[in-house]
Amino acid sequence: MTTPKISRYPVPKLEDLPDDIRARILEVQEKAGFVPNVFLTLAHRPDEFRAFFAYHDALMLRESALTKAEREMIVVATSGANDCPYCVIAHGAVLRVYAKNPFIADQVAINYRKGDITERQKAMLGFAIKVALRSAEIDDADFQRLRSNGFSDEDIWDIGAISAFFALSNRMADLTAMRPNDEFYLMGRVQKQ
Amino acid sequence: MTTPKISRYPVPKLEDLPDDIRARILEVQEKAGFVPNVFLTLAHRPDEFRAFFAYHDALMLRESALTKAEREMIVVATSGANDCPYCVIAHGAVLRVYAKNPFIADQVAINYRKGDITERQKAMLGFAIKVALRSAEIDDADFQRLRSNGFSDEDIWDIGAISAFFALSNRMADLTAMRPNDEFYLMGRVQKQ
Amino acid sequence: MTTPKISRYPVPKLEDLPDDIRARILEVQEKAGFVPNVFLTLAHRPDEFRAFFAYHDALMLRESALTKAEREMIVVATSGANDCPYCVIAHGAVLRVYAKNPFIADQVAINYRKGDITERQKAMLGFAIKVALRSAEIDDADFQRLRSNGFSDEDIWDIGAISAFFALSNRMADLTAMRPNDEFYLMGRVQKQ
Amino acid sequence: MTTPKISRYPVPKLEDLPDDIRARILEVQEKAGFVPNVFLTLAHRPDEFRAFFAYHDALMLRESALTKAEREMIVVATSGANDCPYCVIAHGAVLRVYAKNPFIADQVAINYRKGDITERQKAMLGFAIKVALRSAEIDDADFQRLRSNGFSDEDIWDIGAISAFFALSNRMADLTAMRPNDEFYLMGRVQKQ
Amino acid sequence: MTTPKISRYPVPKLEDLPDDIRARILEVQEKAGFVPNVFLTLAHRPDEFRAFFAYHDALMLRESALTKAEREMIVVATSGANDCPYCVIAHGAVLRVYAKNPFIADQVAINYRKGDITERQKAMLGFAIKVALRSAEIDDADFQRLRSNGFSDEDIWDIGAISAFFALSNRMADLTAMRPNDEFYLMGRVQKQ
Amino acid sequence: MTTPKISRYPVPKLEDLPDDIRARILEVQEKAGFVPNVFLTLAHRPDEFRAFFAYHDALMLRESALTKAEREMIVVATSGANDCPYCVIAHGAVLRVYAKNPFIADQVAINYRKGDITERQKAMLGFAIKVALRSAEIDDADFQRLRSNGFSDEDIWDIGAISAFFALSNRMADLTAMRPNDEFYLMGRVQKQ
């Protein structure tokens, strides 16, 4: 069997990339031990690559009342609702690592209502999925419900904006037929000793 | 009647904004004669603002076989499918201006199948709406159909990526209840003399 | 460019029409300054034409607690939900004129939840769209909700019957590929002095 | 058990009705042996009653290449798709009588694809249901498909217009909670000798 | 006209069937006066036949607080929601017989909300249809609602399990294009004297 | 943290179960090393338990041109479409084991169109999901498409019947809030040495 393609589009070689993009990719490779395919796939268009990861970092790395695991839950739940293999498998791995929980990603991706998460997190994911699937119906009652679960308006922006950003991300993965790296499937499933 | 709010979230004053963001806003104001509310609404989060407009420019200003009017058609058709008032009304205005056609925005926003556009453009918008509403079903047959309508794979990336970016944009407009500026409604409807 | 067709079906000449139909058409032409294409398109079948406009007038011209602008809001919101270009564009024009508001038609057609209308009008349009899209689920709770917003049962009949009539009208426009007249696009957008 | 209500709205007494409406009702009573509840329910609004039955007659009684049974099939199939009890049960009765077939109404109401009808009739009902449920997507290919099944453009208008009229009719029945007469359930099920 | 096929698959002859299956079929024939086609269709696969009817009997014949008519209501309502001719027509007949009510099957199959049934039965069917169409969304609030209508948790299992079993049954009927016997259409519609 | 419940309903103790059911459970425990929760959950109703597993075995253990891995693919793909955690996680484990492929279950559960499977298997899963989600639309063209992919009519019965059986199974898992055993998550992901 030949190596499966990771994208419908040409994948640039590291040495052909602009310096800043190559540097970012080498950095993630050093940290993760491999290069997640989203970096190679999107590097086909350097300007879009830069904007994509700037947006990603602005949402996923900022100071927030949402933990990093909660932010990944939003990614996994909405990507599950959108049937996006790359995002479910890659971010599911990250969620398992952040939450130190080998079960949570599958639970949240398939049906968050039955996951081992708090009622507050279920309210968060209910809203995230509404943003993903029928955002035109967002109304003040949604904000009231989230506030009564202890979320500030800035937290609600975080939930909504992460859902919105992965609405973009899921669609780019579908457009390019982005393939999840083999490494993601097992990551965070086996407790390190 | 009081002035309607333009966002559910606080809108920063120009003088409180970082220099680069204020400069961008002043530039658009000079060019358009007013500040589109998307700039003020998103300025609430400067890092996300920068990434948003970097992404926007990477897609909408790049060299492409798609005309600027065609790119705006994609925005208007997918935003119509998502019932997003800000994006339909603001980008509808831009589309009318680029296409020099006072009718096209309403046609494309409501039902592109009956618009005064070419068969090629209908194929483009059919794919754009598939990306917007059910991107998990994108397959090679979609690519074949677009290629047979004269689109290159890079053009298809443009169509898909613009749809994907406005999937994000529509959701941010819904989250913030972003209000279209009054100026957009009439723009491009009356021929200048 | 040739003149676009206004219907998939043959459009009769005025002089070939039965007297009552020609008279009605001349009357509307005198009043509006042009003949809306719905008259010419449906004149292809005189008996259906007569019934259609008798029904229209029975609902839209009768004494009612709903203002004429509110009745047009129902038309525009449900036609928007049905993606019907003729009805959104033609009745959007009428709505702007009746409401003396250049913005309201686009707002109501795209997403009434965010329009500059009262809570009572939003309740009215929520019910109208339920009649348009899932009338089998109408129940007593809908009636209670509308009554608590100050609507009488006769008002509710008006709301429901206008939605029902435009369910027919939207489908006839789709069947015939009825083209909106150019005149409608700008009507009511520019304040007369 | 008390007599069930036939409408959410007041039902006028025969003697209180305008002459033309009372005459029509007495005529149908003489012919059918009872008064179908649609007549009494809609008589609450005489002008709408007149327009409704004028429209009905224009479509259902006109000369057409569609047989009367085929026209009732369209009513039953689309009313089934809309989950409308009055229209399925009342017009199902009429269909059984016209088709002299005690099985056809249930078959067509539940799933026409498996009914004992011709391929041509299945094409007719497929289009009728498209008009009922997603008429915005009607396109030239639908017309080609029907023409290749032997339907003229006038026949297609008949199919589409009957579907459109019963889109209205189903919604009025839902709005008024119109109750089917007991007589309809058995009508046409037992062969007369 | 030739005798219509009762299944897409070969239908075994009685004499070729295993003894236990033939015995079951002869028993039902003796009781009903004919052999419902579900027995002949599924006999194509004896092991599946045995499991199917064991499951059916476990649910439909067990002691339960739900009456036999109520259990058939669940079958008819969910089969109606699934557009399954065999199950609606055959179980509609059984429902009429159990309920001694010639109208109830059509009412429940088309739109249970308007049927001549109790509020408690409407709550039961609302849940049954949720199990049929979107069971992933079942939550504790559904259980509370049913309990407040007087259903025990064992009753709720009955409702849910009957809906689940007929989810299977409807799909087997669709797969095999199972044809309802002519006898079912009239059964229970005419009061015996 | 307390041990999470495995069912909304009481779970019987092994010693309280009928002999045949206890024997079956002990057998699976010996083979798998643990008792999958579906056995304990459904044992609450012994007669339904017996029928459920008789049906399961009739489909999943019979001689068939479909491999055991292919049958599990059908389970995983349709359970993914139904958002059923127990069935995706438990049968995903079985699929990985049968296919000796640690990636396939996640791929098939999320979006089979992009999985590392053959075109023939994609046709199989396309039909399986049609049976799961809109079986009323099954027609002869589906059979033709599967035959042209090398499936016999008996194979098609297998595909359809497995989808139908897991339509039941998914709904029972949702009704009981059946919890996947922790053991399933990792099973088949790590190659044994």
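Observations on the structure shown:
Every chain is named by a letter (A, B, C, D, E and F) in the order it is written, and numbering of its residues begins at 1.
The definition used in the following text is that a residue touches a chain if its C-beta (ideal position, glycine included) is under 8 Å from a C-beta of that chain, and two chains touch if they have at least 3 such contacts.
For clarity, every value in this text was computed on a predicted model and none was experimentally measured.
Note on connectivity: the fewest steps through touching chains from chain C to chain E is 1. Where touching is counted per the definition, the chains common to chain B and chain C are A, D. Which listed pair repeats B-C comes down to matching contact pairs by residue number; over half match for D-E among D-E, A-C or C-E.
In the contact between chain E and chain F, the residue numbers used by both copies make up over half of all numbers at that interface.
Relative to chain C, the chain whose mean Cα position lies farthest away is F. If each chain is reduced to the centroid of its CA atoms, chain B and chain F end up 44 Å from each other. Look at where the CA atoms of chain A average out and do the same for chain F: the two points lie 28 Å apart. In chain D, the residues that reach two or more other chains under the touch definition are 83-84, 111, 136, 177. The list of touching chain pairs reads A-B, A-C, A-E, A-F, B-C, B-D, B-F, C-D, C-E, D-E, D-F, E-F. By the touch criterion given at the top, residues 136-137, 139 of chain A touch chain C in their complex. Taken in their complex, chain D has these residues touching chain E: 4, 80, 83-85, 88-89, 102-103, 106-107, 109-111, 114, 116, 177, 179, 182, 185-186, 189-190. Listed in rising order, the residues of chain B touching chain D in the complex are 111, 113.
By the touch criterion given at the top, residues 8-9, 44-45, 47-48, 50-52, 54-55, 57-59, 62, 82-84, 131-132, 135-136, 138, 143, 153, 156-157, 160-161, 163-165, 167-172, 174-177 of chain C touch chain D in their complex.
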